[in-house]
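Here come two complexes built around chain A, the first alongside chain B, the second alongside chain C.
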Partner chain A sequence: MPFTKINGKMVEAQVLPGQKVFSQRGAMLAYSGQVTFTPNMAGGQGGLMSMIGRRVANEDTPLMTVEGQGRVMFGHGGHNVHVIDLAGDTLYVEADRLLAFDGTLQQSTMFMGSQGGVMGMVRGQVTGQGLFTTQLSGQGSVAVMAHGGVIELPITPQQPVHVDPQAYVAHRGQVQNKLSTALGWRDMVGRGSGEAFQLELSGHGAVYVQASEEKL
Partner chain B sequence: MSRIGTGAARAPRPIGRMRATLSPVAQFRLQGSKVLAVDMTGDAVKARNGSMVAYTGQMNFKKLSGGGEGLRGMVARRLTGEQMVVMEVKGQGTCYFAERATEVNLVRLNGEALFVEADNLLCTEATLHTGTSFTGLHGAASGNGLFTTKVEGHGWAAVMSDGPAIILRVSQGMPLRVDPGAYIAHTGNLNRNFRSGAGFSTFFGEGGGEAMQIEFVGDGLVYVQPSERVTVGGDV
Partner chain C sequence: MSYPPQPPPYGQPGYPPQQGYPPQQGYPPQQGYPPQQGYPPPQGGYPPPQPQQYGGPQAPLPQTAVGGPVVHDAHTLPANDNVNPYAFSVDLNGQYFLQKGKMVAYYGNIQFHGIGHGPLDQLVGRSFHSPLHAADWVVAEGQGRMILADRAFDLNSYDLEDGNLTVRSGNLLAFDPSLSLKQSIIPGFLTLIGTGKFVAASNGPVHFVEPPVRVDPQALVGWADCPSPCHHYDHSYMRGVLGGIRQLTGLGGVSGEEHQFEFIGAGQVLLQSSEKLMAEINTGHVPNEAGIPGAGAPSHTPQQYGGQQLPNVNIPGLGNLGDLGRRFGL
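Let's look at the complex of A and B:
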């Protein structure tokens, strides 16, 4: 059941019996029909182990399960919402940017530090993104929040994309990411251009970038 | 006359191609309304420090000390407080700029000057000359400062506004008054005066919240945003 965008900041989801939608707790704005909202203690899918995994990884944004029959509108904090349709591929996104997603999608937590070794660890610290990220895969839609509009930039092997870590929202596909630094003596003496750290994304896929450098 | 891009604005094709053969020219275009995309082929643009959100290709970022207009410019900037911290972006590829999710407006300059608040200037082509000009005493009350940034030359400039900006024409005999907090930029041959709408009742705390305005007289265009900065004048 795909999400329909009502305006830049609200999405509507069609809920049918037997189909679940997960959403950030408290993100429901309005609904019609017979719909129930159940807080999801596990913070997502999977059993107890995945729940513990998420707690440890600090990717345990409170989620709720939406079930029943009707239409539900979601929005949160006046942030812009972007709907991403997945057709068998994988989306990597920070848990706190997730507004809602289809129950048909497989959710898991990924250790980002494993990409790029020591530099991956450093990246998490520098970018404030943490070492873990949420991974969604399968067939379905995801509604992602961002400050300001979202633009999608394609990543091809010939053309890697560099992103300001603060403006990074999500990425999909077979993408390697590493932190590239353009640190020079200027940064050391406080005369940097403000662009010392960048995420370099290469491979096959797309990256979503927001028109702002503010975190949610 | 300046061309104003609100949608997918681009330079007139034939001119772009002709100039491209002479020297590399950065192409400015809007990706949505909040992101500025600049296609570069080895040339440079000046942008607000830290406003890059993404790029493809090879880019170098260098902070320009004091504005890049030599020692005099640096001293002027220090004195005036109109210090827009600028970086020079140089390279090959496409660079994307955005700031705090504000709307971006493209302005094409063909030799005339654009006056803009330093806080609202996002990016300029390297061919444009930026300087600081004295605005008169109104700045102190409007919260805009006594000085404003002057952009001159031939090329594209990107101006930010909090919400989509409207462009108002001022002609002879048709002066325009603008709330200092909503003013962002102007082009053309305009005289700026500070006007006080404060009357008797303002002093008794019964003001309408519009005690101060900037009046523009002459010929030109004024860019106004649908939002007001916090100004001293806005409180009375």
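Let's look at the complex of A and C:
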């Protein structure tokens, strides 16, 4: 539904009665109409166990529930915003990057090791995702923050995509990812190219890449 | 080449002289080189691989206007317009007022003086109306083109026609002497009155909204024509048993959005798309008299408002336990 991009750093959400929007706390810039902002102790959806899971996984970005009727503008920290529409597929994104998302989406926490075992965990460390990441699935929109503009690169089975782990923002779809290393003796003596680790994504889907190597 | 001239296929260096040539009216027939749009009409055997000594990597010539770096000189710099989102070029002929330290480059013959020196003393009365904050301003005098910028923030110019606009003091960069600058009743804001142009910075592009609207205090850049904003507090979730516990203990955190500025009436509200404020400049004391808001209070210093004002959402109720509070969901 409801995110309209106003400019590169701001989105507007249409909030309707009975429909929730979750957003990062403190990310509201302005609103008109009757809208309330309630801190969400659970940090998202699901019951108590999901909440505990998120806290253990450190994927518990402070969220607030936005309800009511009106239009709300979101933006945070001067970061660029990218709106991703999900139509039944799954988005994997770090919780810190979530600016706002539809209440209709299912939010859950994923263990990085479940995608590629030990290498998945190493990958999480390198990309700064940690051991866990957040997944959102269902029908709805997500507004994701990035440092610098976001480009979407499609992933097809014929064409795997290599991404700098620091520039990685999110990915969606049926994607296998693995960390490919190009470590050589040059890296050992400190004369590497600085691109020793790359994230290789293959399968069906898309990866979102930011135009910067600065993490949020 | 077929006629009428088609836009050449991408990457093909065939020109019909593009529209946009000559670049500007009254432009002296190019001595030097306007590397911007408009190339000399093709001479025979073009393109020879020319060694290019002008700005930037040797992009094929036709694309310089599209992609590569644009090289400006004193004539091609825009007059009173943005060079890019972060730099503004003033076509100076006479005087212009700017905040200290916002000029990054200029062409021509321009002098910069602090206000209050010698003959500029009268300006305080004419344009600033208060001797107390005028020290933060500089008068640029002379002829030329002057480029303003401020830490890569987005700059915008605004035209006032017999209007008024109130803007956060740190965001105002420069203004035309035809405008007059006054302290707003609201501390930390300045009001511009009259007809003319001014330049203001914002963290992220500026978005205009019409009242009725409630605005995050940090996202507010300014407002035009509206009556003064008022505070709006949103404590409805503090009700009930859970809310009571939350209020007493701080457990559960705050949404960070309990307080907004509310605007009503006709006008425009200017928002920046980020909650990071720009450092505020001193707007000066107000007279210590009865009935004056902020009177007697020490004029607020930039530390009080400026710098990093992002509400620290990670530390809701428990003071300085750092990340612990968040970890345990407090």
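One rule holds in what follows: the second predicted complex is superposed on the first by the 216 of 216 C-alpha atoms of A that agree within 3 Å, B and C clash if a C-alpha of one lies under 4 Å from a C-alpha of the other, contacts with A are read in each partner's own complex, and residues count from 1 in each chain.
Quick note on the criterion: contacts are C-beta pairs under 8 Å (C-beta built on N, C-alpha and C of every residue); 3 or more make two chains touch, one makes a residue touch a chain.
Every value quoted in this text rests on a predicted model; they were computed, and no experiment measured them.
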Partner chain(s) touched by A:Gly138 [first = chain B, second = chain C, both, neither]: neither
Contacts of A:Gly68 with chain B and chain C, given as first, second, both or neither: neither
Touching partner for A:Gly77 - first (chain B), second (chain C), both, neither: second
Which superposed partner A:Gln210 touches (first chain B, second chain C, both, neither): first
Contacts of A:His147 with chain B and chain C, given as first, second, both or neither: first
First (chain B), second (chain C), both or neither touched by A:Val161: first
Residues of chain A that lie at the interface with chain B and also at the interface with chain C: none
Contact set on chain B toward chain A in their complex: 31-35, 49-57, 59-63, 65, 85, 87-88, 96, 98-102
Interface residues, chain A side, partner chain C - complex: 6-10, 24-32, 36-39, 41, 43, 51, 55, 60, 62, 64, 73, 75-79
Chain A partner contacts - residues on chain C that touch it in the complex: 203-205, 207, 209, 212-216, 219, 234, 236-237, 252-258, 260, 269, 271-276, 310-311, 313-314, 316, 326-329
Chain A residues within the chain B interface of the complex: 80, 147-149, 151, 153, 159-164, 167, 182, 186, 191-195, 207, 209-214
